[in-house]
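The following block contains the structure, expressed as structure tokens.
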Amino acid sequence: MSTAERVRVAVVGATGYTGAELLRLLVGHPHVTVTALCARDKLTPRASAVLPSLTGLLELPIEPFDVVAGKADVAFCALPHGASIACVQALRARGLTVLDLSADFRLRDPAVYARWYGAEHGAPAMLEEAVYGLPELHRERLRGAKLVAVPGCYPTASALPAIPLLAAGLARADDVVVHALSGVSGAGRSPAASTHFPECGEGARSYKVAGTHRHTPEIEQTLSGVAGAPVTLTFTPTLVPMTRGILATVYLRPTRAVTAAELVAEARRYYEGSPSVAVLDPGAHPDTLWVRGSNRAHVAYFVDARVDRVVAQCAIDNLVKGASGQAVQAMNVCLGFDEGAGLMTPAMFP
Amino acid sequence: MSTAERVRVAVVGATGYTGAELLRLLVGHPHVTVTALCARDKLTPRASAVLPSLTGLLELPIEPFDVVAGKADVAFCALPHGASIACVQALRARGLTVLDLSADFRLRDPAVYARWYGAEHGAPAMLEEAVYGLPELHRERLRGAKLVAVPGCYPTASALPAIPLLAAGLARADDVVVHALSGVSGAGRSPAASTHFPECGEGARSYKVAGTHRHTPEIEQTLSGVAGAPVTLTFTPTLVPMTRGILATVYLRPTRAVTAAELVAEARRYYEGSPSVAVLDPGAHPDTLWVRGSNRAHVAYFVDARVDRVVAQCAIDNLVKGASGQAVQAMNVCLGFDEGAGLMTPAMFP
Amino acid sequence: MSTAERVRVAVVGATGYTGAELLRLLVGHPHVTVTALCARDKLTPRASAVLPSLTGLLELPIEPFDVVAGKADVAFCALPHGASIACVQALRARGLTVLDLSADFRLRDPAVYARWYGAEHGAPAMLEEAVYGLPELHRERLRGAKLVAVPGCYPTASALPAIPLLAAGLARADDVVVHALSGVSGAGRSPAASTHFPECGEGARSYKVAGTHRHTPEIEQTLSGVAGAPVTLTFTPTLVPMTRGILATVYLRPTRAVTAAELVAEARRYYEGSPSVAVLDPGAHPDTLWVRGSNRAHVAYFVDARVDRVVAQCAIDNLVKGASGQAVQAMNVCLGFDEGAGLMTPAMFP
Amino acid sequence: MSTAERVRVAVVGATGYTGAELLRLLVGHPHVTVTALCARDKLTPRASAVLPSLTGLLELPIEPFDVVAGKADVAFCALPHGASIACVQALRARGLTVLDLSADFRLRDPAVYARWYGAEHGAPAMLEEAVYGLPELHRERLRGAKLVAVPGCYPTASALPAIPLLAAGLARADDVVVHALSGVSGAGRSPAASTHFPECGEGARSYKVAGTHRHTPEIEQTLSGVAGAPVTLTFTPTLVPMTRGILATVYLRPTRAVTAAELVAEARRYYEGSPSVAVLDPGAHPDTLWVRGSNRAHVAYFVDARVDRVVAQCAIDNLVKGASGQAVQAMNVCLGFDEGAGLMTPAMFP
């Protein structure tokens, strides 16, 4: 594919962590060219002034939104929730295909959005058009889609190991606990006391415990759809002192006696043809170390027969499979590219 | 108390992490003097050759076991399980009071020991004498005790938040999950692939998932005793990239509708007079950062009313309240000192 | 010494890192009692609300400056430079002995202060009274002193290894390079982009390179005094991803052929009677790991005979021997206590 | 280029850190295909059993050396020094182009090798054929080369900033100090006490201080060649708690009054056409964070006019531009590919 035939791509919110990660992935993508960058309050002739990792590799200016929108066929929006809605509306009005990494188009029901995000949704009519961009679940609906709500990092890591079991009726819908660990980059690029290096380096702590984190309804929506019954769960997000990675542990109740080998086999059937998911051999433990920088999800299953419980785990890189990589993967499906295009590099180890 | 009146203390296994931490705490203890050090295969005229932190502060030799045993009234054994039994026997035979930090005397039932540790217990008769050294639970039994089995790090952090609820009948005994994060020092001082810096620094991973970790029966023994009914649980130990600290999250089912404020009040009643436990105000989150280097346990309670579940958490320093500090605390009770003697220094922050 | 006889101590700026560290050290000090806390904009009935490490251990209120000043005999000022001058003046006017941890009273010459700190000194007359609080150098002048300028972290680590060589005429004054690594806590408790966890964790970077860091004239002042000749040097402060610690490497030119053993012997002579300095055996390498949390300075010497250069190194904990511990050490000397009182605990390892 | 036309590449020593990094880079390289893997004592049908990052992405077996040698046109040797010589000989005898990442073919003079590596060189005749693989210096000699000695990590970071100044006669050859910080992955994948997570995480320490590190003669050889005069220097390797990255600081004496802007201009002239080197604007500081995972070298210059000294710095990723990326870059030049092929991805930030 010659450069002339490449799809022109813009990144809005280019200087946050998911924006920077989009650029890293898109610079090496075989079918697209990054043509325009946008970032609030950061106009500059050289993006490398804000992201020195780009020095000599991608020396585009950061330009106003209106300029950027005119230079691309596809746009990635990496803005905070709330701020994203107007931007997505404007891009869709100009006909661009939009991959939105915020939470604004993920929940199907505007009333649920209002309850968890504390504000009425600004464009409820657009929720119809939006496809939830978990390719492993909605691959067919994504083909040709014009607006993709890229899933959150916790929801991706929490849903992937649970989906095959709930889809197969192997786990109960009404007794689910998700204990998820996240690296600090999940908190974004704005400095804060809780992410100040000296106060992170030896600190593990949960936050928004007992059903108050906004990813809760997103996980429940996904799993309820799969289970065909309302899934409610306890979700405990926990910050641990690493930069990247999510390790989600999902505690489930089996509907009948099962073995780890059965669950692994079932999940491998489910994820056959999914280039980003690897179901580990029974006994192997997912580790964020082994997926860092890659668009991989490592999934594993354990059975605690003594107490009749299944422990399902998933490790991803929160900025790749949990955000920017998944957005690129969804774009690949939308535009008819190979689903793994530009995404099959192994993790950076160590 | 003059130096002459101080109790003479020996540390066996002085160069491992719990040994080193014992020395740090005992050097500043007002009622004891460290008089002798022992460590397998590490004979040296100056312990600081192995532990440079002692340079100029505690320049004792590391001597053979027989020499050491003759120089002290009290001994701390910081040896691996299995290796500890013979050492404890010899020390007790010479009349020393022994604080054993290994797992060898924690389980009451030698059959349970054999099942989980894969070998017959070498001195089952001594299990009668041993007191499980969680002062918050067994304070009275510890007074005058001659052999103390110092609890494990995970069991301490897992039991402390659950005990008041089970004791008060506020939580069910048959539906308990413990998800516990540990710093890497919990794996000991022997280098291994899984604790090699480049393979830890960005890695979060569980191990011995689904009921295979040896701390499982220890936690169950403690909680069953409190609940007056058999407690079985799913325990998920997880390694996160920090040096010290345990954050245990205990998922419980309430026996009736409860609020976090009620649980906090109940736990504060239970731990009144316990100088090492702080029950945090409702809404506050325990953080390993705030207890590092101290003998403190920070306990907190959350209620997920939406799904009828209690989330109880506890943060400790695995090497202090989870090992060496708890051993000193137990010694204080055994010998009739103030329980907090030498242990009331705030955490090292940051 | 009974509690009634203890010296009453106040900490102004109690909630920053050096303030918190002062509290950790002073709570365990045998001759003082912390009686009052002050912190700008942080009035609260319980300091533990801001510093949870104090929960249950030191539950003092944070009070206005005027209240605090009336409750103590000795005050530690842990404020930013510039803000400290007025505070110190007020405390001295009320007769308190003051240990000032800022840079405001360190430089003897107000013109040098004005050049490097960009503002006229607000109380140049007080510079006469101030004693530079490096006890290893100014022990006699500190006895009975009423105002102590506690040295900076970099200057302490840079000066300690160089002093004995310059004092003995073993190194030239006109060819000195100091390359110093610092943990991130040296940047203080205010969050910033450069200290945001994800942008620190794998980043080593120098700053204020080539003679622009304000500690440069402080190091030069100290070393010039010792050498009896003007010392000018190149100073390269460098941030590395750890919370605490300074490792200073000083490159010097010997005035004659020397060996490491000679330099070690000379430094041991110089620091005889100094309880906080350990000169390591030839061949041993200072490591911030081994001094963390302690008031120790580990000093070592190497000779690169091939190129006629001496490499002198020193490791300290920037918040202890580089700030709060040194302040307590200076107080001990001022008040006639044992110099090491409350400061002889080994480092926290690991 | 179709798959059939791709160059077949083998990696010997595939499971160490530089081996794993070679695989990460080569999997995405547009002109080569990895066809065979070798690793001592690690025969396995699936390399992902040893390197889980490869799961589902590169599922080659690890095979005996003789099998591997027959399956490739080009081989990368990522073995320890000493072990590499025989392997390289065998591969060359079979006609393969060899990129050797060990130190075995870097020093031109076998006597120097014997002095620093403590053993006679096993194949001194092959030193003639070997080209030192720093493309920025030996680009022309590399074209068509059959044996490349890939430079060490420290030598790359130390030489790149010094080369332009010495080549232009702007710095003296006889007064050079290199203070270099390295991430822990530089110590390799074998666990050891000094790289055990709990003993690294807060530790900064130098090692082999004062002219005893084996990279010293390698740096001197490179710089002497450029300067046209013998360069001797003091080299201080220092381990800091990060996984990847080298920050080298080179202290030089200018031969005349210079400004940072002049040095930047000179270096930009020198490195024009070098796709892996970026010379930063005056005032900007190289940071290992901004090059991690990339084949970039960020170079910067400072002038300390007060003391007549130049401070030159360079940040690289030790496993990429300091090893595996540089090897791929050298291969690109050897085989006539675009020098940056497969190497122009921005750093992984954060």
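Note that the chains are named A, B, C and D in the order they appear, and that numbering of residues resets to 1 at the start of each chain.
The criterion applied here is as follows: a contact is a pair of C-beta atoms (placed from the backbone, for glycine too) under 8 Å apart; a residue touches a chain by one contact, two chains touch by 3 or more.
Remember, it's a predicted structure, so these values are computed and weren't measured experimentally.
K.L.:
What are the mutual neighbours of subunit A and subunit B in this structure?
P.N.:
Expected: C, D.
K.L.:
Going by the touch criterion at the top, tell me which pair is linked by more C-beta contacts: B-C or A-C.
P.N.:
B-C
K.L.:
Taking each chain's centre as its mean C-alpha position, how far apart are subunit A and subunit C in Å?
P.N.:
Centre separation, subunit A to subunit C: 46 Å.
K.L.:
Using CA atom averages as chain centres, what separation in Å is found between subunit B and subunit C?
P.N.:
35
K.L.:
Which parts of subunit D, given as residue numbers and ranges, touch two or more other chains?
P.N.:
Expected reply: 17, 183, 185, 198, 200-202, 241-244, 287, 290, 350.
K.L.:
For a test of understanding, state which residues of subunit D touch subunit C in their complex under the given definition.
P.N.:
Touching subunit C from subunit D are residues 177, 179, 181, 183, 198-207, 209-211, 232-234, 236, 238, 240-245, 247, 249, 251, 285-290, 292, 302-307, 309, 311, 313, 315, 350.
K.L.:
Any idea which subunit B residues touch subunit D in the complex?
P.N.:
For subunit B paired with subunit D, touching residues are 17, 183-185, 189, 191-193, 195-198, 200-202, 241-244.
K.L.:
In the complex formed with subunit D, which residues of subunit A make contact?
P.N.:
Subunit A residues touching subunit D: 17, 20-21, 23-24, 27-28, 51-58, 185, 201, 243-244, 275, 278, 280, 284, 287, 290-291, 293-294, 296, 298, 344-350.
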